[in-house]
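Two complexes come next, and they have one chain in common, chain A, joined by chain B in the first and chain C in the second.
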Partner chain A sequence: MNRKLMSLTLAIALAVTMLMGVSAVAEAKPFEGVTITFWGGQAELNPGTLAVIEAAEEALGLHVETEINPGGSEGDNLLKTRIASNDLPDLMVYNSGSKLYDLNPSRCFLDIKDWDLVSRVDDAFLSSVTIDGAVYGLPQSSTQAGAIIYYKPDYEELGLEVPHTWAEFVDNCAKLKEAGKTPIELTAGDTWTTQVLFLGDYYNINAEYPTFAEEYTEGKAKYADIPVATRSWTKYEDLVDYLNADKSAATVQDGNFAIGTGEATHWFILTQQLPLITAEADDQSQIGVFGVPGDDPDNHGLTVWEPMSFYVWKDSQNIDAVKAFLDFYFSEEMLNLYFETYGANGPSCIKGYTLPETVCDAVRVDMQQYFDAGKTCPALEYVSPIKGTACEQLTTAVAMGQMSGADAAKDYDEDCKKSAVQLGYNWE
Partner chain B sequence: MEGKKRRNQIIGDIVGLILTAVIFLIPFYFMFVQSIKSKKEANRLSIAWPTELHFENYLEVIKHGNYQLVTAFKNSAILTVFTVLGLIVTGAMAGYVIQRRKGKLMTTIQSVIMLGLMIPASILPTIRMLQSMGIYKTMFSMVMIEIALQTPFTIMLYRGFMSSIPVDLEEAASIDGCNRWQIFQKVIFPLLKPIQATIIILVGVQTFNDFTNPLYFLPGAANTTVQLTLYNYKGQLGNNYNLLFADIIIITVPMLILFLFFNKRIVAGMVAGAVKG
Partner chain C sequence: MTKTKEKSLYSVWFVVPSLAIFLIFFLWPVISSLYYSMTVWNFETATFNGLENYKLFFTDPAMSSSVPHTLLYAFATSGLKVVLAFFIAIFLTSSIKTKGFIRSAVFFPNLVSTMAVGLTFAYMMHPTKGLLNVAIQGLGGKPVDFLGDPKVALWGIILSDVWKGLSISVVIYIAGIQSIDQSYYEAASIDGANWWQQITNVTLPLVAPAQNSIIILSLIGGLRTFDLIWAMTGGGPGFATDVLASVIYKQYAAGFYGLSTAGNVVMLILISIIAFPLQHFLNKREEAIR
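Now for the complex of A and B:
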């Protein structure tokens, strides 16, 4: 008896599932049942990306399986191992620019120059993912800048103006210090952050010495010899008196908090931190951005970094599905969804796309004006493959006042020489 | 005089207990407090009690990424259980034979095994080998790798312990009519209990906490192990400390239970083999 009951239940269950299966087929979506694997770091798998993935699963019927990459040097090792064992995810996110070069992308990533999407991306980004005529990447996020992020209420309180020259900037810092504020946040606990002033100052070098990148790559232009380039290093010296008390131990996390709540007024940092800083602030309009000032008040610009890129595995079984997913990702509606959910680091690299109203003023107003005026310049790492490996140690030493800017410039030239020789350049 | 000495001892005990509590309990308290704060508050990493409680952090961690943590726990549990089982069975037998038999062959085998303690595994050749065998990215291969990596250490522990078991027992068993297999199974194996506990703990914790090996040898979202889930909350730009600590606490609990359960036996097992070589 019992057995009969059991088989009856099973039979009914079977029938029901089959019917459900039939009804699912009736409203078939183009990629029903396809699973694509997606590999990214914690920063890329942010709420914005996850929201778009969810919408894509809904609309296209495919399933996106996300896998987390630990990032940093561990992540790089892992990626290189997986490239060597020819086992990559269908879609992944990694740096554009010189780090892409290191991977020798032709052996692992799909050349997507024939895709329609590529024509919608601006040229500055494309040049950072184009190697030997092949295009490999699409922008995962928006551009960002190495700039000064500041706490606006302090400026309003003391009636300060956004500085357009370095002298004005130092002047502002002095006034802030007099008023009992901490003018500058330095987060040497994460040493990479100390480089931002040096790297972000490249706009000013380029403005005064347009052939610098070229001559530097050939080994002719030296930081210690060209005054405007030496300035990138000596600027740190002017700031030693204005730093926060916990400068040597503070981390990026502390910096987000210090600027968001007005504990400190300025922070030299990449604008990728903006969504995290505004999350700490009472109101997003309190946070502003300006480029590292030079000496010419009429030419105050922004040094720009390109975003991380999406790359497609060459041997993926699901290239069609990945392409459909990316087409979907770059639809206006989804870009809006992404930027509304997560926020933006800077203006988008998609031609003709404007960021939604909800993106913070720091990006939509403060940064956009540099882009509109054409006063932007790509960071040196996108124009020259050479970067000294001890850069962050040197900038930290100068920023902490342990070394003079001129000495650091000399040391850095030596350091660059080692990198250049390793890359096969003949510097003499 | 006697009373004074006794009093000093009690004071010493109390100071010791307080120190232990400070050293071991405060980190736990710290993690727990962060795990029930809001994101903003937790990012400040203060030890203060939260202004409002957010126990839903735990729920969020469990639900994150389509219940990724549940999958991860399943994977880690399978990996740990089978690694420990495999090592206990093979390690005990190998340790027995190596300790009881003398001769050139055994010395050679033993030194080869001990080499494994010093020589690290190379990643890419292993992956290539797994690929050619068609078992790359399977739980089976991961268990085998963990067993292979921890075999030398296990055998070393077993061998040391084995020397404290008198040979007389085996002779007696032999006279009573046991064959060799029965001697091992019925006499020796049951006597190994203290060292089994030590190995279950050491190997279990090591395998459960292993981060790098699963990262390289067992990639793929479906194969995530618990340690990898921590990276969902930790990144270059900023961390979600509240969720990170909630995740850490959830992950720590199973190992803590295992430890409390076997705690007493560990020291016994470690010391037992220490005197005789």
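Now for the complex of A and C:
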């Protein structure tokens, strides 16, 4: 009896599996057996992206092979070598703005201006990936800002207010130091991070000197000559006494931890770190953001970075599969999956899309208010192709008190001249 | 039959393969790099701009400061290795019991990858958590920011380099010292020379060929050093530890290929004007001793 029952069950089970198999074959996945290669940095291959990739493999049947770009100078060297030898992945992530311009993208990336997806992206982002009328990129994540991320419980404890001028900010730092806290985290172990104060101060330059970007690109406006621009460099001098003890060696990971746990109060950093900082914090509501303050209390704004972009290799054999993957990636469901899994760096640049409720307050409240009030401005690298290459070394030297802000401003002007000459501009 | 010229043993054609390799992979790149160093170059188009790149290289403090750093680095590491390795080699060739073990221990650092050495030393020199500073503070001293203070950062890397590179010099010295005939020492001791006099008058002159190899190898190694510096400071803080090779790498990363090539030419010339006369001088010295 028992044996009969068993065999019956097994027979049914077998039949069911076979039927399922048949049905799976019946609705064959469109890209079964196709492998697309995807190259991105550690930050882009985050759990959110991986979750979407997994869902895409499930739905489309394709396989996504990921490869990590080490980033920084190493990453740039690899990329430029791969471009020179025409050996790119089908899909890759890289900066938008001036760094894209440097790559001379028409020889390696596909112009996607005819894709429907492009119409869903806001104009500020599109202008950062449009060169000579061709559109190359789609936003990998949300916008972000070069701003000050801070640990709110310290502010509550000492009854401090979010500062709206630079003087108020320095004053807050003095009070924090008096209370035995480390007012500012500097992470010069990863030199790029030291630039954020300088780059994030661009809102204030633009507010006082609206033609700066244009004149700077033509080689007429100099950091050493325009007082508000020199200020971006001398602001570092005001902070020298308020830094953490391991400032010269601290890395981004150290910074995430320091702000998340309140070891230090402020950090000048890109808000792409928010998901990682809130992961260290007891509660996401402890972490806040404000823009680099200027001198006018009524005009406190935020300098905004466009997200990294997806680029498609011009000579890829799998352009159809890549397009299907991107269409899938930008469906509302997948955007939600991405932001719920990983979090957001700032407001989204997809038109009509709102971030899910799970995204932290720092983005949905603190940053959003600048966007709502119209007090945002794109970072200089999105409005001018010229950026000095020694910027991060100069900002490190000034931040550590090894050189004066005025000297650094002068050196940076020379450095920019070098970039301009190498990009073929005729500066005198 | 006409009388043929005296035939050489091998046909001249035997030279062709190696000559071709030399011309294609060495001489041609050198010549073409001279041209590209005078252009603004993006791999596709090269616009000639004369000596502009060289002018930029020597006027921009971010790049020109790399020349004195490179020289200091090369001469300091080479000098320290030549002197320290000599005494270690003397010690290791004397009659001590655990000679075999100590010789392997001295050679050990050379087996570790430069990147690993760099990261390890960088961590040991961490301003707050590093082993060295914990020790200094334990002894009541003030912590030193070894790699963050521009005045000491280069020396921090120089010492790490010496730690790693010393072993090769020791091995060459040991080989040199062991090939010295014992009869010299016997003759010297019969004449009443003490230990120190034997070293200065017998060992030192007779080890000169080995010493010359060490000087040349370590100096050229120092002039083109890159990996250890990149692992420890990346040329920072600011430009305090930037050497020629790291500057060239950064310019290449920035996409300034012409400028980067100019840096390579500067490095080639610098190494040539130091290495050739030095080799000549050392050979002269060696012959004089014989």
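Methods note: the second predicted complex is superposed on the first by the 404 of 428 C-alpha atoms of A that agree within 3 Å, B and C clash if a C-alpha of one lies under 4 Å from a C-alpha of the other, contacts with A are read in each partner's own complex, and residues count from 1 in each chain.
By definition in this document, a residue touches a chain if its C-beta (ideal position, glycine included) is under 8 Å from a C-beta of that chain, and two chains touch if they have at least 3 such contacts.
The structure displayed is predicted, hence computed values, not measured ones.
Colleague: Quick check on the superposed pair: does A:167 touch chain B, chain C, both, or neither? Answer first, second, both or neither.
Modeller: neither
Colleague: Mind working out whether A:257 is in touch with chain B, chain C, both or neither, as first, second, both or neither?
Modeller: In the superposed model, A:257 contacts chain B only, not chain C.
Colleague: Which partner does A:84 reach: the first (chain B), the second (chain C), both, or neither?
Modeller: Both partners, chain B and chain C.
Colleague: After superposition on the shared chain, which partner residues are touched by A:37: those of chain B (first), chain C (second), both, or neither?
Modeller: Once the two structures are laid over each other on A, A:37 reaches chain B alone.
Colleague: Quick check on the superposed pair: does A:414 touch chain B, chain C, both, or neither? Answer first, second, both or neither.
Modeller: Second partner only, chain C.
Colleague: Figure out whether A:191 sits in contact with chain B (first) or chain C (second), or with both, or with neither.
Modeller: Second partner only.
Colleague: Just checking: does A:280 make contact with chain B only, chain C only, both, or neither of them? Give me first, second, both or neither.
Modeller: first
Colleague: Determine, under the contact definition given at the top, whether A:365 touches first (chain B), second (chain C), both, or neither.
Modeller: neither
Colleague: Touch test for A:393: chain B only (first), chain C only (second), both, or neither?
Modeller: second
Colleague: Please identify the positions on chain A that touch both chain B and chain C, taking each partner from its own complex.
Modeller: On chain A, the overlap between the chain B and chain C contacts is residues 74, 84.
Colleague: For the complex, give me every residue of chain A touching chain C.
Modeller: 73-74, 76-77, 80, 84, 102-104, 107, 188, 191, 245-249, 389-390, 393-394, 396-397, 400, 402-403, 411, 414-415, 418-419, 421-422, 424
Colleague: Note which residues of chain C are touching chain A in the complex, please.
Modeller: 40, 42-44, 47, 49, 52, 56, 59-62, 122, 126-129, 145, 147-150, 234-240, 249-256, 258-259
Colleague: In the complex formed with chain A, which residues of chain B make contact?
Modeller: Within the complex, chain B contacts chain A at residues 39-40, 43-44, 65, 123-124, 127-128, 131, 136-137, 215-216, 219-222, 224, 228-229, 231-239.
Colleague: Residues of chain A touching chain B in their complex?
Modeller: These residues of chain A touch chain B: 37, 41-43, 45, 65-72, 74, 78, 81-82, 84-85, 87, 252-253, 256-257, 272-273, 276, 279-280.
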